[in-house]
Amino acid sequence: MPDQGLTAHALSCSLRRTGAGEPSSSEKMVEDIFAALARHGVATGHDRVADFDVKPGVGSDEGPGDDWPALRRRVLAADIFVLALPIWMGQPSSIAKRVLERMDAFLGEADDRQRMPPLGKVALVAVVGNEDGAHACHAACFQALSDVGFTIPPNAGIYWVGEAMGRVNYVDLPEPPDNVASAIELAVSNAVALARALKAHPYPGV
Amino acid sequence: MPDQGLTAHALSCSLRRTGAGEPSSSEKMVEDIFAALARHGVATGHDRVADFDVKPGVGSDEGPGDDWPALRRRVLAADIFVLALPIWMGQPSSIAKRVLERMDAFLGEADDRQRMPPLGKVALVAVVGNEDGAHACHAACFQALSDVGFTIPPNAGIYWVGEAMGRVNYVDLPEPPDNVASAIELAVSNAVALARALKAHPYPGV
Amino acid sequence: MPDQGLTAHALSCSLRRTGAGEPSSSEKMVEDIFAALARHGVATGHDRVADFDVKPGVGSDEGPGDDWPALRRRVLAADIFVLALPIWMGQPSSIAKRVLERMDAFLGEADDRQRMPPLGKVALVAVVGNEDGAHACHAACFQALSDVGFTIPPNAGIYWVGEAMGRVNYVDLPEPPDNVASAIELAVSNAVALARALKAHPYPGV
Amino acid sequence: MPDQGLTAHALSCSLRRTGAGEPSSSEKMVEDIFAALARHGVATGHDRVADFDVKPGVGSDEGPGDDWPALRRRVLAADIFVLALPIWMGQPSSIAKRVLERMDAFLGEADDRQRMPPLGKVALVAVVGNEDGAHACHAACFQALSDVGFTIPPNAGIYWVGEAMGRVNYVDLPEPPDNVASAIELAVSNAVALARALKAHPYPGV
């Protein structure tokens, strides 16, 4: 039975704007994850962060021209957050780092029971690279996302990377390799089950 | 109302055996977490890993003399896993790394619905150091623990570290600083609520 | 005898522009390092990256309005590169990540003996935070900087962080704590000696 | 002209003892690096750490039965240190962590000019895995090795990892892929040139 009430929102953190050059592997991975979410009846939304002006800073609104408040609203309106990002230099892209940095503000926005805005929401982290770095990206993101109140389901780190010092990109593959497709199914199944469990049993805070 | 059915098991990863030299800051942190868990009615158990012979390897049983099978059983019998570790060189102790490495075997022990042994269990990571490195330890541990099937609650990274290049240890403090005490309360509250939610709504697997 | 020929250039990676709000701890740390470099006769230059428009991307020139080419030139003109950055969420600031990402281009700019543009140059990494994360920042930066051709001297990671979950910033301290002052002296002495050694004995490449 | 005076010592950090099961990919990588070092006239020595009893601790001698003092002597007698390790869970093996942890003692063994025992020595880090994690291992090791006094040459991170979630090991390859062979040549050339430069121009300390 589809879970009609659940929604997911993805931020993909390619360094390139929509339409600028080659298609985005991060975005392709989001599409593959969204297909799996749709099979669970989850409604999805997506923004490519490079299309927006997300100002540097650690507040939730960094003033005129800052697009973060709109992205923040869409993330917080959903039950499941998908952070999708490319690896550069073995590490998360600077745009993914900017997103996490802006979420630092959640630490100061807890209510009087220490409940931060993302409490009860579930996060998945999807990483693509032509080569090595996925686990390090998962690690950095899980730490930051747990710090600000997201819950991390089992097997929440989805990824594809090519062989060492490679050139092939995820978007170049004719279809997701079987092990990636399986990992997506598992991560999505866990995320959906967890989101449902947390809706039924909200965190009470302290 | 106390949650009488829940249990927690901690592995503390000090480099020193019980009784060898100074008291363990990791163990002191476990005691402080256990006091908070007790207030939620959670029964607790603890092993200091350095007291055991955990063989190198990535199987669940590395043969004669390997103490991991016993530790593994106690971890998997509990609803909440507390991994407590000291920072050395800004990174998790080698004994904590050994524990995570032995959990690599869980990847190969999933059932036919891809459910690994720790599925439905919740993990907290408690880090102590006389100086810097806690977030990096959280990151490395959350990634490994999510990979093998644990769920990471919000604010799951508990820690205390002294000022840069310091010498004071957690065990030297007369009592936990207020911000550490608050962080323990929050992490424990979230872990207990999450464990309860997952008991009521088990992960179905794929 | 002062080493009159040596020069250093720092990029500080605060999230705030010059003049926007409180003074920058990263910049204060750069000043303290520069004072030590001056005692070795090293001439210094500094840019606060937030004052420039460094476009996302992994090329050395990302087109009209990109300020990276100018910063890149100043970094490559110096013998010693000082990367100074604040910790956010236990990790390097997004602006530091942007700088490293733009240096990815050096990988494709090696000459026919595999010598990348920063070959023979020495890098120091200075990290400030009101709390934990310095070693993780050093780790991420050393890896990226070695990958693109910098040499990392011994004790190259300079840092100050306050006690866990603290609020005091480096810029708030009346003067550098003794252990930070000593660490700066040591890192600078090593960097200067190494830069001098590499000038006398350039890397031949393959 | 061969550099007859230079020596290198490798510690390989496979989880398995010599003769226990399948051959070691870490050791195979060491052999490939040693072949390159030999072409520069560098004499080499190697220990597989799992064949020794390296006690937990952060002293240079942890008492009766501790094999670290012998390994430590061989590392410090060489000009170039090669740390070779497998990835487990996206991170350095627990045996590699143990080695780094034992080197923590170098921090307390500086002379009155703050020169730690490895000063003037050069470190390379070679990582093998059937999948992702090499850059994270480089990062963790470079940070620890710089902290205790080693110098990190440019392009010091050698690695091979297979495609995401793979099963092929480095030792299974008929010969090193071209890009790995090139990376070894470059890293070794840089390490040898740097070791030579540092012999001619020793660090003076503070």
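Every chain is named by a letter (A, B, C and D) in the order it is written, and numbering of its residues begins at 1.
Please note the rule applied: a residue touches a chain if its C-beta (ideal position, glycine included) is under 8 Å from a C-beta of that chain, and two chains touch if they have at least 3 such contacts.
This is a predicted model, so every value here is computed, not measured.
Enquirer: Looking at A-B and B-C, which pair shares more C-beta contacts?
Expert: Result: the pair with more contacts is A-B.
Enquirer: Calculate how many whole Å lie between the centre of chain B and the centre of chain C, each centre taken as the average of the chain's C-alpha atoms.
Expert: The answer is 36 Å.
Enquirer: Could you work out how far the Cα centre of chain B sits from that of chain D, in whole Å?
Expert: A distance of 30 Å separates the two centres.
Enquirer: Starting from the mean Cα coordinates of chain A and chain B, work out the distance between those two points in Å.
Expert: Going by mean C-alpha positions, chain A sits 25 Å from chain B.
Enquirer: Going by the contact rule already set, what residues in chain A reach two or more other chains?
Expert: If we look for residues of chain A contacting two or more partner chains, we find 89-91, 135, 138-140, 143, 147.
Enquirer: So with touch defined the way it is at the top, what topology do the chains form here? Options are line, ring, star, complete, other.
Expert: complete
Enquirer: Contact residues on chain B for chain A in the complex?
Expert: That would be residues 114, 116, 118-119, 135, 138-140, 142-143, 146-157, 182, 185-186, 189-190, 193-194, 196-198, 200-206 of chain B.
Enquirer: Give every residue of chain D touching chain A within the complex, in rising order.
Expert: Answer in residue numbers: 89-91, 131-136, 138-139, 159-165, 177, 179-180, 183.
Enquirer: Which residues of chain B touch chain D in their complex?
Expert: For this pair, the touching residues of chain B are 15-16, 50, 56-58, 88-95, 97-98, 100-101, 103-104, 140, 143-144, 147-148.
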